[in-house]
Amino acid sequence: MIWLKATCKLDFYMESTTPLVLMLRPRTGAQQWVASESYTLDPFVPMAEYTDIYGNLCQRLAAPLGNFSIQTSATVMTEYVVDRAPGAEFVDILSLPEEILAYLLPSRYCESDRFGDLAREITAGALLGYDQVLCIDDWVRNNIRYTPGSSPCPISATEVNQRGEGVCRDLAHLGVALCRSISIPARLVVGYLLGLQPMDLHAWFEAYVGGRWYTFDPTQKEIHGGRITVAYGRDAADVSIFHQFGAGDILSGMEVQVDLLPGAPG
Amino acid sequence: MIWLKATCKLDFYMESTTPLVLMLRPRTGAQQWVASESYTLDPFVPMAEYTDIYGNLCQRLAAPLGNFSIQTSATVMTEYVVDRAPGAEFVDILSLPEEILAYLLPSRYCESDRFGDLAREITAGALLGYDQVLCIDDWVRNNIRYTPGSSPCPISATEVNQRGEGVCRDLAHLGVALCRSISIPARLVVGYLLGLQPMDLHAWFEAYVGGRWYTFDPTQKEIHGGRITVAYGRDAADVSIFHQFGAGDILSGMEVQVDLLPGAPG
Amino acid sequence: MIWLKATCKLDFYMESTTPLVLMLRPRTGAQQWVASESYTLDPFVPMAEYTDIYGNLCQRLAAPLGNFSIQTSATVMTEYVVDRAPGAEFVDILSLPEEILAYLLPSRYCESDRFGDLAREITAGALLGYDQVLCIDDWVRNNIRYTPGSSPCPISATEVNQRGEGVCRDLAHLGVALCRSISIPARLVVGYLLGLQPMDLHAWFEAYVGGRWYTFDPTQKEIHGGRITVAYGRDAADVSIFHQFGAGDILSGMEVQVDLLPGAPG
Amino acid sequence: MIWLKATCKLDFYMESTTPLVLMLRPRTGAQQWVASESYTLDPFVPMAEYTDIYGNLCQRLAAPLGNFSIQTSATVMTEYVVDRAPGAEFVDILSLPEEILAYLLPSRYCESDRFGDLAREITAGALLGYDQVLCIDDWVRNNIRYTPGSSPCPISATEVNQRGEGVCRDLAHLGVALCRSISIPARLVVGYLLGLQPMDLHAWFEAYVGGRWYTFDPTQKEIHGGRITVAYGRDAADVSIFHQFGAGDILSGMEVQVDLLPGAPG
């Protein structure tokens, strides 16, 4: 059990008033406890908060003309070691909890309806369940070059597979698409990872086997925890730290920091 | 106000026990009242019912080896004339009801993130809102040939646009993608349409303008009602009358019938 | 596994237009499958349907001046034998599913905050869990005289306990209050019971032990199934087959029928 | 628009491990924006967070043997002036949003089914809607003596009315029961009030008229804002800052502080 403090600062320059939907407030969940959390807008503008279909806390606001920045921070308890479960079993479709079923369907950037053959080939011979996901995770790591910064706009799993390289989100999308194509529920996670080089917001994926979600990260050879989930969903279409309505390149700067705290916060 | 009776019979042949998720029970909603409804399985197998993230009633079951059929019927009150609202205004992102926001996002078969330029061209000069959707609806009708039966697997809006032809679902997907790309919420509807030639299950789309959902159908020159909504969602990935888990062509027959009843059912 | 057909006819006479909320449409659930179902209003008036906080399907309408009737029927598969589980364990508060927690709280007609001493006395020596509920069920059956028709308005568990007699709903309320007072989740069920004498809508309760809901009915010495759940909730304040807004005695007649069908409906 | 910082410290002494459900994390809502927030346990114990049926964020944990304390703080933007709307209209039952309907039903401490006659007498001659609630608010203020500290356990509206005095929660319960008895949705609010004497957590009520919730507080002659909503629900059965499972007096101390900040937090 470790304590992390994560901060994220987004600087925008708006050429016109622009509606934004933001997803930057981590919530307490199965694997993390949010002890404190702050959210600062400069200049301050009114905003509304709502919970989306996946349970993420979202903010909706009209970003004003000119400079605008959002700074968030969170102090969170989590684990440094990621749970692993070789042998954890495939969950039969009829036994999946209802709220998991949506994570079996193809989505914008995870065209799982097109990956069945590849996934069966990759996982041939593996025990059904966790071990299949391990095969997929390894395959993505070995076949898609992880190139931070290479893909400003999200591309889909099919495109990632063709290009053979991508950012963390792209590798995760491909992992998700492959899992779903063999009826294993999978979802994209956006969050913070302690020690990530270069430091940035990160994306990885979770697969549902053996009755719970497990963490996989094709960008990391030796997976470790120290992760804070900010939001999760079917893919990056649903999970965007900010979604702007209207064209233009509005983000002028972004700083992310994740620190290990020496002990529990007072 | 008219009364319709719709029936749908699906015949399957299973080479092995196959999990199915079905969406075939219409529910009472803003524009229809379900007075009676039945659902018969032959042979009978146990099933579980749940409500998905869009509010559709879904059934989950293991279809047994061999012949298996599902027959559903519903008696529904609805309108013959579809509401139209030229001039109905675009709803600002900040004013949309929370539950509508998901219908702005790109989805598996509606890559709205790739259609902004085309949508702006198609709707150039139109009043923001309903009139833009009319332009989109007309453009799809005039540019994509409606060819019932041409596309057994769903293809995406990008593919539909390239092919220049498609089934009802394809035309609806393209309409949805175009609407969302200019920040108008849109969703796919699957249901029954009185008088459809050839009779089959049908798909169309709805767009949210002027504070409510309006019906559009690019397959019909003179749009009319007599529609029963069976399910709606972001696209056909979410709204499938049956979703099978496991490969193979299992549907061996399908019959759909929609009749106008002379009066209210006793 | 048996098939039942239940019908309920409510006749009203309204002295003025009266808003009604109705709860008369059984839904498929853990222990029943609704194969067909119908709902007829005479005269027909527009209505809206919604799902309440407990998952019940409710109808809202303005009942018109004069005679008004509602007739519903449902064909449902259920079990004739009620599951029993002596020894099923008390579920620790921290292990209860989230959606069950509300059923631990006191409610309008189940003042569980006032029954702790009595419940501990009644259940003294019993294994924690199912066996405690059996003690409560027996105690209510032996101490509160079941008198169909004796209590037109709902009275609370405290009042029932003082009077020493009540209708089915009253006995169920007392059972619920006693269970909750020792931290066992409990809820009121309204529905049909095959063979009930005199035939009427019925009420019983369920308690959550051993990881699921179990059925208890203090009005019946030898409990059997053949039950169709129409609605459930914390107590009769939430679960009323009709709730009128405005004073006056509007119900002029009610007929309930429950038949055993010889086989599965075609 | 003002900025408040509120802190609450609860000290417990447990004679045995005790399950607790807590409701102490204010959320951003229609009338407040939570800019930062913290939650500290001493000693730290694992906990799970969930959202209840009213949208409140709840924590569930096992409080350990011995001393245990919880300290929470929140920095919140709100208004100093409470919105008033004389003349705002009664909302017809058929026009109420679905999620509001539960606030019309009687509940544990608000037996609205017993207050119709009194409410009609109190509100005789008033315009339907906001003005009726004003009459109720005044009547409670003038007829029930506000006596902080007089009632450690919640008592119901009927009991409050008989006693003629009560704590803030009691007056609010009576206000709620009277509103609901004339079909005006009403709910209990628990939160902080700037300047409250003596400082403590506070309770008041909201009524739904003219299409939104309005604030009423029978303990205050000149109502003002500076309020932070921590939780709301049908009554104190649902809205308890802490709910213990198991008997015994566990709270050994409580400190509440609410400060006006000079400007927006950096």
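Each chain gets a letter, A, B, C and D, in the order it is written, and its residues are counted from 1.
The definition used in the following text is that contacts are C-beta pairs under 8 Å (C-beta built on N, C-alpha and C of every residue); 3 or more make two chains touch, one makes a residue touch a chain.
Treat the numbers as computed from the prediction; the structure is a model and nothing was measured.
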item	value
Smallest number of contact steps required from chain A to reach chain C	2
Which of A-D and C-D has more C-beta contact pairs	C-D
Interface numbering overlap (same over half, different under half) for chain A and chain B	same
Centre-of-Cα separation between chain D and chain B, whole angstrom	44
Geometric centre distance via CA averages, chain D-chain C, whole Å	30
Chain centre separation (chain A, chain D; CA means) in Å	37
Sites on chain A at which at least two other chains make contact	48
Arrangement of touching chains [line / ring / star / complete / other]	ring
Chain-chain contacts as defined at top	A-B, A-D, B-C, C-D
Chain C to chain D touching residues, read off their complex	19, 21, 48, 50, 52-53, 58, 60-62, 92-94, 98, 101-102, 104-108, 111, 113, 116, 153-154, 183, 237-238, 243, 245-247
Interface residues, chain C side, partner chain B - complex	27-29, 33-40, 44, 46-49, 51, 59, 75, 77, 264-266
